[in-house]
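When the chains are written out, they are named A, B, C and D in that same order, and each has its own residue count from 1.
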């Protein structure tokens, strides 16, 4: 929204001559007073900044009455003024001629308030191998959407290569669906494991099914000594034989259950879990030496010692396939050389943040899982480390 | 469109001193006069508001000559002024210095004049089960588009999970088409009914075909004691055996015929129906204890007692697949715990409103059914209940 | 682009008092002088209009030096001023206070200079049958894209129902590709013709193939006494047996060859055709009593008597599938109750116009056929008849 | 960003009368002084230009402190002023009335600084044959995405017709994926070569596989005396039998290896290649009389004599399928009558530039190969030769 203000310099002059510092302290912040001092207390500068604050106050859509002059903070970057009010940034243009000072302001953007800045700007000499090879074992006849969502989410989160390992009978379906992701199937588990050994991270579970055949696949995959994310049907299959988890190297496994899947894994009732989310999540992670991500409003991530509670996300994400997207995001981060606990925290945050951006685009009610994928790129951009500090 | 106005305060002063209240009553509305009073009849305030009205009048693209000063209503929200003229909202910025008052106005948006506000903001702790599991029995070899449109419309209207029940021979085709929707087929009707029992709502009909096999499916599905929408081929199949409808629990069935389908159902000629739309719709709904939605310009929704006439929508929606989208929308609302009569009214309104938004985007002539789905999210957003009243 | 101007009223006053009518005639057009007269030669009005012209001249990106004051035409619609310069429309806002007149102008849009306005606004009570059922016989194994492009172009041009008649072996492929269009195949030609008899228009040819089987299909289809568009492989098949055309009812057939296809049809060499495009097109159309659309820069449409030369379009449309889109557009118009000669002229224009809009979006070099379809909706909107005249 | 400035003409007058030329030389560039001279050193003109420079300086987001008055260059095109500061273009509007001069400026665009301008504006009479028929031999069961990316990239780069030659068993998959591109398969190599002889350019390799069957295909294709691009699996197959390359006509082959593929081709270790990129690339190209494009940061293109180092592109392009897009772009340019060395340089530049535009849209981290294709049209537009010089 535009704001405009015109101020007669002589009026400000009178007030300033009468109240002096008192006037300055009432209207301006310390940094602004320093700036005015640098301009030798020039009355035109003071009038211009005053007009700028008035203009910005008109640009704010809400809450002006609750706004004091000092809430509007005027900065200069390379001599160009701009204003920040809470997390809103405004462009400013100020002009003064002896008699009048005028200022125009315009809303520029919301401050990027990303909780994490964990991604390095990419190195000039990078090649796709540097960003990880990810294999996602997901999908079966009749459940091809979840595999699609997981794999494309991983691709969008920055992986160099994403393979979706599928049963032979959906190879053609998946090949039709994919562009960048590569669908792959194997005629025996040994060949599959040989391939998986070359990966940087592995995810298993979304839409994979619950038959004895899929239990065997899980059994085989969990023998691989690599970081693995287990989700959805993978969790249900695991719950039938927790020894598979016990045998794994400590802290190489991420589990991402919702409450009822967690109940299956740990034996507690859903009600018990609901009232002891953090405590039970911690004790499980400690017992099985894994990273546990327990879904829900305020998702819990824990390795048994550290606990991270994720605040991003919204109830519009309670929609088919949303969890599959999360699995793909975490698998991608895991393959980008981020340690297992952080990859889970960051992934949880990114997923929620992409969902919040999707909500801005389509609203909460209509939000579908593809919308989350479509917004991963923005969420990811916010998490790139700044190269140098801004003033 | 931008509007700008500059007013010399002394000129307003003269007029005001001469005519006093008369001047105020001619130019300003009661609320504005209250505002002026609150400012102690300050002449700058009066001049600023006067300039604002002139600026807004310049921002209106049409109808200025038919516009009186009082049609332009200036409000303040947290001290920030804005104007409403009929259903147009304008941003305003006003500035005054003793000699001059200036005002800039800019069109912001059309008022959201949604007929219904029936959707609650989602609860923080919601999970996808809260928004309904919907099954849509639709599609056959050669008629896969209608199933696709119904199912995705349900997904976009906010359902947590949408299943499209299809014959085995199009399972792969539908799996390729879908991302979030899950295609499912059954080898016998008992298994299908076991699955449907777990659903929150059911729709049957779009592109399902008219053979004896599909009649048997309808027969079987209508034995389920749940809210069911019957459309398209489902209606034609039903018309061969109206006893299926008579046996159902009262007010658990929605029928969505157009005139010729209604003729098949009720035996009246299309001409008779055309001139007695409301009367025949009511008597049918009363006789069969169902909710009837009779399509056409001014769609009629009735349960035999209550009648709702829908005014949203446009003739660009007379295009292949438009009705399939309606079926999906109603099934979705039905699965979100909205009662059967209201779900049909709201669904009819939402469908037309999404079509009106699609018309804004691509025009009436070129509009296709996918455009309606692409605009459901906006129509849905307009129907969320306000959390608190705006001034 | 923004333009702004400030004018001191007293300066204009001096000039006006000195030169009087001479000044007005030099600066203003007749309509503007009438407007000024209506305002009683008020000097503020004159100054405001003067400032407006200066502001508009600054808004023009090019050609100001070649611009006279009279090229800038200021109109009022419901008292709101706007300006037209050649085919550019500018929003205007003018304000005057005794001492100064200021004006702001902003480019609004290019005038819609559609060559044809042939589409009526749709009737409120319309249903999809009113906009035509179109069958497009197109596509074979390995040539599915052309069928897709033709059929979707017809859908976007406003047809109520579009069927793509295909060989059985690509039914699944086409079902996967389509959403609104319905793919259909027939086991024998009699059944196909029974179905085609119910259509409002028929097109045949794109990607249909050149084997004896397809010749038989053409033979059979041309026996149907309906308006038919023949394109691409359909033309080549026809050229082997021109009697099929001779037997048809006069003026129920449209042929859309490019030069080499026309050479095959008519026996003249491509060089002869290139230098006698109009003459040969006319004589062919007269001989075979059909409408001929001869493609190329400046496409010729003729029924042997009337000739229409199409000027829309650009060389970026020289890309795979562009002709298929044209076939679909013409078939759609033909099914909307537009007579056969006009449907071909309008179709040719619409196709070129959609291509010009696509060029604005992606440039000439990169333009592909889907871009043309994506822009049909805009081209179609421009061809809707105005409901009332604008001032 | 907006900038605004107001200047009192009398103030500028005083300064100008005091310092005269010195003032002009300090503030204005030679061209601007010429303009002022043409206006007879009118003080309003000088004030207006001064205000314009102040306004522009406020429009610059960064670096104002490092900006001198002379860095802001004001031009007039048809009397309309605009400003260029480094590679930023600003719209300007200037107004002066004896007492005051005001100026508004607004950022318009970045200057198109395309490294190459090699594409002619298309001729009005062009037909799709003029822009080349391209065949891309790519893809196999399980590797359909790379074929898709190569072929669509060629289509978007402006080819008239693009054929993707594939094994029979993925014909249906590719037909479903494509709209404009035509998938084609052959039952024997002779038929394939007969077809390829009619092409304007050929590419071979992406996702084609490494079995003996594919070696035979390469062997057969390389016998065709046309310009051919060899990439990916095509390179690996070639490396097993370099004689195939030796037998080809000099300078009809482009190879596009990354370092490890180049190692396979030339026998040097990857480390040796990394430190001698240019030298080894030149010697290889000279030895085999081909054009070599050695991928990496600062891609090297050489024919053994000439060397081009490409600077466009970014590390976000280190993602699956990025190289396939490059192959399609080069094949397309090659088919548009651009000589083999230039087609490789231009293609390398265009690919990087499209990737840079994709980065602007989605960021570096999330960038996927489809994003590059989506931005080819912009990169291509920048490379169209200007019709006439701009001032």
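Structure notes:
Just so it is clear, a residue touches a chain if its C-beta (ideal position, glycine included) is under 8 Å from a C-beta of that chain, and two chains touch if they have at least 3 such contacts.
Which protein is which chain? UniProt says A, B, C, D = ADP-dependent (S)-NAD(P)H-hydrate dehydratase.
What you see is a predicted model, and the numbers here were worked out from it, not measured in a lab.
Chains touching both chain A and chain D: none. For the self-contact between chain A and chain B, the two sides draw on mostly distinct residue numbers; the shared fraction is below half.
Centre-to-centre separation of chain A and chain C, using mean CA positions: 45 Å.
Between the Cα centres of chain B and chain C there is a gap of 32 Å.
Within chain C, residues 100, 172, 176 each touch two or more of the remaining chains. Contact residues on chain A toward chain D in their complex (touch as defined above): 77-80, 91, 93-95, 97-98, 100, 102, 104, 106, 119, 121-128, 130-131, 155-158, 160-162, 171-172, 175-176, 178-185, 376-378, 380-381, 384. Taken in their complex, chain C has these residues touching chain D: 1-8, 11, 54-55, 57-66, 100, 141-145, 148-149, 170, 172-173, 176-177, 258, 296-297, 314-316, 318-322, 362-370.
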